[in-house]
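By written order: A, B, C and D. Residues from 1 in each chain.
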Amino acid sequence: MTISVGIVGGTGYTGVELLRLLCQHPQVRLHVITSRSEAGQRVADIYPNLRGRLDIAFSAPDIGELCQCDVVFFATPNGIAMESAPTLVEAGVKVIDLAADFRLRDPAVWQKWYGMPHKCPDLLAEAVYGLPEVNREQIRKARVIANPGCYPTAVQLGFLPLIEQGLVDTGRLIADAKSGVSGAGRHARVDVLFSEAADSFKAYGVPGHRHLPEISQGLAAAAGGAVGLTFVPHLVPMIRGIHATLYANLKDPHGDLQALYEQRYGNEPFVDVMPAGTHPETRSVRGANLCRIAVHRPQGGDTVVVLSVIDNLVKGAAGQAVQNMNLLFGLAETTGLEQVALLP
Amino acid sequence: MTISVGIVGGTGYTGVELLRLLCQHPQVRLHVITSRSEAGQRVADIYPNLRGRLDIAFSAPDIGELCQCDVVFFATPNGIAMESAPTLVEAGVKVIDLAADFRLRDPAVWQKWYGMPHKCPDLLAEAVYGLPEVNREQIRKARVIANPGCYPTAVQLGFLPLIEQGLVDTGRLIADAKSGVSGAGRHARVDVLFSEAADSFKAYGVPGHRHLPEISQGLAAAAGGAVGLTFVPHLVPMIRGIHATLYANLKDPHGDLQALYEQRYGNEPFVDVMPAGTHPETRSVRGANLCRIAVHRPQGGDTVVVLSVIDNLVKGAAGQAVQNMNLLFGLAETTGLEQVALLP
Amino acid sequence: MTISVGIVGGTGYTGVELLRLLCQHPQVRLHVITSRSEAGQRVADIYPNLRGRLDIAFSAPDIGELCQCDVVFFATPNGIAMESAPTLVEAGVKVIDLAADFRLRDPAVWQKWYGMPHKCPDLLAEAVYGLPEVNREQIRKARVIANPGCYPTAVQLGFLPLIEQGLVDTGRLIADAKSGVSGAGRHARVDVLFSEAADSFKAYGVPGHRHLPEISQGLAAAAGGAVGLTFVPHLVPMIRGIHATLYANLKDPHGDLQALYEQRYGNEPFVDVMPAGTHPETRSVRGANLCRIAVHRPQGGDTVVVLSVIDNLVKGAAGQAVQNMNLLFGLAETTGLEQVALLP
Amino acid sequence: MTISVGIVGGTGYTGVELLRLLCQHPQVRLHVITSRSEAGQRVADIYPNLRGRLDIAFSAPDIGELCQCDVVFFATPNGIAMESAPTLVEAGVKVIDLAADFRLRDPAVWQKWYGMPHKCPDLLAEAVYGLPEVNREQIRKARVIANPGCYPTAVQLGFLPLIEQGLVDTGRLIADAKSGVSGAGRHARVDVLFSEAADSFKAYGVPGHRHLPEISQGLAAAAGGAVGLTFVPHLVPMIRGIHATLYANLKDPHGDLQALYEQRYGNEPFVDVMPAGTHPETRSVRGANLCRIAVHRPQGGDTVVVLSVIDNLVKGAAGQAVQNMNLLFGLAETTGLEQVALLP
């Protein structure tokens, strides 16, 4: 089987990462990649790592071309995918949105955090949140997949076993999360210049970050009710990687948390529960579609500390999107996703 | 007035930073600097930033020479200062220990965390914990000063206003702290090689870190009773800087926390309370003897988030040691400590 | 004596570095700092390292205010200083331009490389190239000073002793130069984003870079005739620092080059000739107004290799500008410029 | 076909990179990996990127086990491979040495630079220098392959077309080379600690570096006589990557150098000649077995400047070793080596 793929807006970091993965995927043919600003430009001229591997140029957006694909990935700013998704779905094309258009179920909440009305609330209601470790079966049958955000992937995978089993006080969850700079995208901005972001560390968005409602929604579904979450993102002077340090109060400090995590994720191809007492490094997943998790109970107390790492561009974006595509088309879930992390 | 200064063990990063500050201090003369391994070597040959500024060589340790100083700084591994401190104090020499020998008041606790019996528990009982924002008056009269650890400085300065005023639940404090790699010292170790630590992020010491009892001791003193603290340190791919992200539950969410912090630190020359809603960057204190703090209450809830940054080698080590020396000798507290942070 | 200083366009990296140095300079009062885009904004709100040290706001450009200063620094894009310089000079105000407007003596060459006609060729003819190690006496009497570029400072100081003494073939000089990213300025550009410039290395501008004619002009003056120079700049994933590696063919391989350099720079306060056989690191001058140089003759052959390092923002920009100001006003040349480099 | 592979000393960076590549190679089975210091330790416990991908432990060196392999890679310090190579060759096992034992043809030169007598000069005489772009046919038939050094790979591939065609003055070649820190290996050393090597840049080894005779030997073979080479290596604050900037004087400045390079490397799977006027970045080959080259003639003069980049751990070490293995066993040369570089 060959899947005919379209990409809308592939000039950012999730775009180039999608290209890196798709050009090594054995069952994919890239039919079209669009970019208004770069139309006519060869992809490999902008991304020299793809020289000799991808002989295609950006073209101007053309809904007709996209309708000939089996699946279209949107690697666009928020608010773009929802404009074309209805037409594509109508034409029988699967849609995987790497932006946020289909992540929040409630259109009012979406409008509050993204500052515009939602253009296709019906499709929003139908869209499946593409976290395979939670929604695998729905993903297989979906027409529109909301690929999860990077922070939400790391935080949810870290918290889920505790919350699903009702082991922690869900009213006081804390997610102290740290991201590499590529999470800010490939935009001309002063605050993520090398000379601004290197050799320094800071928090940002403490008053409120768009990934907060997304994480809360996912955790609430697992908890069977609203949760109280404090989410503090930070910027790390590294290119790729997210490290979420999660804190919760255990209701009963006597359970075997290591066994809990190993059971929950034992059959998951892309979640690796580390040995007890260890500390996963973000570089151990650099370039790989993996989430590595370690669980601690410092000094044997009733606070549980979960360490969860992903590559924000892979399991936090493009890799998870390909994983979702594999599920959509009935392929082995790991097809094209077996890269070993680059270390050092 | 000229203060005659001795330094024991100045070959590490706290040592070279002490030299950078002291060679610019208008009332200091460096009498002797000792190093067993580097005896005979000129300081500026090891630290080229001091070429032309410091014309002295390392000498072998000699207690007689040290006894001729007004003050001796120990920039040594743990367990060294406590061997010579009694002799120096006897000779009327002030002692400032940048290591941990005099930080924990209880010798049994010290032995538990540092793995050896304390050699001078009497002096330990007398030593003053050198955090000027808490102990300024005792410091002025001390004979032995325990210069605080880097994490403990950032965490305590961040939490103190809340705890002193009894505003938070001290049973569930969380300190998620991040340090630059220079905190690991200038030792030949694989885990802090450039190729191991760059472009990656990890937690470490989650099961227990030596700064935990030091922080707990300080917070307990402010609280008037034991506190429950979860402390998770992380390694950031940057050279200098500590960022502590602190979480606590407010007993009453209606207070004006910004005003509280501004009042508490209004007269402190080396603590800067940032405007409400801001996020201090570690680079804003790079090379400067400063702690910058911002306080947040995300979504107006009952969780307070405090962001506290220092340069681990300055306010977290050598700069605070010079601040303590200034207090000991009746100088203006800011003498020799007015460097502006290097940004970018 | 208090010098009243104006700064035009201080929002970039040379601007903030100038502010860091001037706010620590004992004989300077900052009268006005202008920025069209940031007018009304307090300087310390943009540059938090200056909080508590500089209580001034950016104002809209106002030639009247500038005319009340003793000296005006232009930390502006190329082409701005030449618009106001004639008026200021007329008013008796000294002008120090940190951009390139007055660096090339020939207006036709200037126009070729900077793409616009020069607006005040008379003043250009009069301007003094502010490299104190070459033009100290002219600088003292100048009305307009062209502060040298960063690469040109490192390359000229490295080559000058050899060329002044006629020891090398000036037809085949090679300058392989490497710069930290702050050299690209504080502009919103994709190519110097952290995620583009970190963990990578590249050459740029090989076909031609604006610093080439500036360097050639200076070396030709020393050689007493045209020189042949190949200049290749590279981008290093670090914030500050320039390292120039210089190659030339010795006419006679028997001279004592170490002695030559030590004699040439023996009385220079800001040039440090390193011991024979050593390799200066850029961090040894981080934040300091210094050029450190080492000279090698590998395998005793007839190729001389000179290693020259500066901090591009200090000796390569703001520090050299302050050095020039000190000369202009008859102060000790080192006033306000004795910061020790920050290492590590 | 399945190739049974042994690795001696796989605990360093070339070792882990070899494992990354071999565990993805479709025709390799890892039979044994030895390490005296880590015997008994599972490989994936030291290198977490290999968790789930490689279920093997280090074992103590055992020549009997090694003799059962088809090929043995030595990822050891210099001087180790030459001890066991004769026995292995005798047993019909192919040997690929990633260290320097078999790189220099003259045992006297080898002894001069490596400080010990060579233990098997006969095998040294027979060994083939494993640069496939030069020695492809001899490699296919070799018993012992000297895998080239990292700098020598980048420099030779950059210079070869010019020298083979006799276009430049081979008496005055200059190679200004820059390496990421992983080139220094995974050894506990102070000078490559993060806090020493980050945010700084320096040259090293200017008086003489072991890669100088290796490069000279290769260029001399192409030139048909001795060459004069000045080689200056530098340390870049990045993990992986080598950038060689090469300078030579053209005998005749009228040739079409772009066409020369395109012809020379047109059929090479792992050498990519970039378009005229471009500047390759090291990140464009990060993790990939590629050398990218651009050729310039600044200002149309008679100095040619060649820019050549590789990943020092891939085309400069482990990747080239696998390429050589593919040749030895008659596989397609690109088997297992088609990873796309990780960008950003």
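As a convention for this text, contacts are C-beta pairs under 8 Å (C-beta built on N, C-alpha and C of every residue); 3 or more make two chains touch, one makes a residue touch a chain.
All figures in this text were calculated on a predicted structure; none of them were measured in a lab.
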item	value
Neighbouring chains shared between chain A and chain C, ordered by label	B, D
Centroid comparison with chain A (C-alpha atoms), farthest chain	C
Intercentroid distance (Cα basis), chain B paired with chain A, Å	39
CA centroid of chain B to CA centroid of chain D, Å	45
Distance between chain centroids, defined by C-alpha means - chain B, chain C (Å)	37
Residues within chain D bordering two or more other chains	13, 180, 182, 186, 195-196, 198-199, 237-240, 280-281, 283, 286, 344
Chain C-facing residues of chain A, complex	13, 180-182, 184, 186-190, 192-199, 237-239
Chain B residues touching chain C - in the complex, by the definition given at the top	13, 16, 20, 23-24, 47-53, 182, 186, 198-199, 239-240, 272, 274, 280-281, 283-288, 292, 313, 338-344
Chain C-facing residues of chain D, complex	172, 174, 176, 178, 180, 195-196, 198-204, 206-208, 228, 230-232, 234, 236-241, 243, 245, 247, 249, 277, 279-283, 286, 296, 298-299, 301, 303, 305, 307, 309, 344
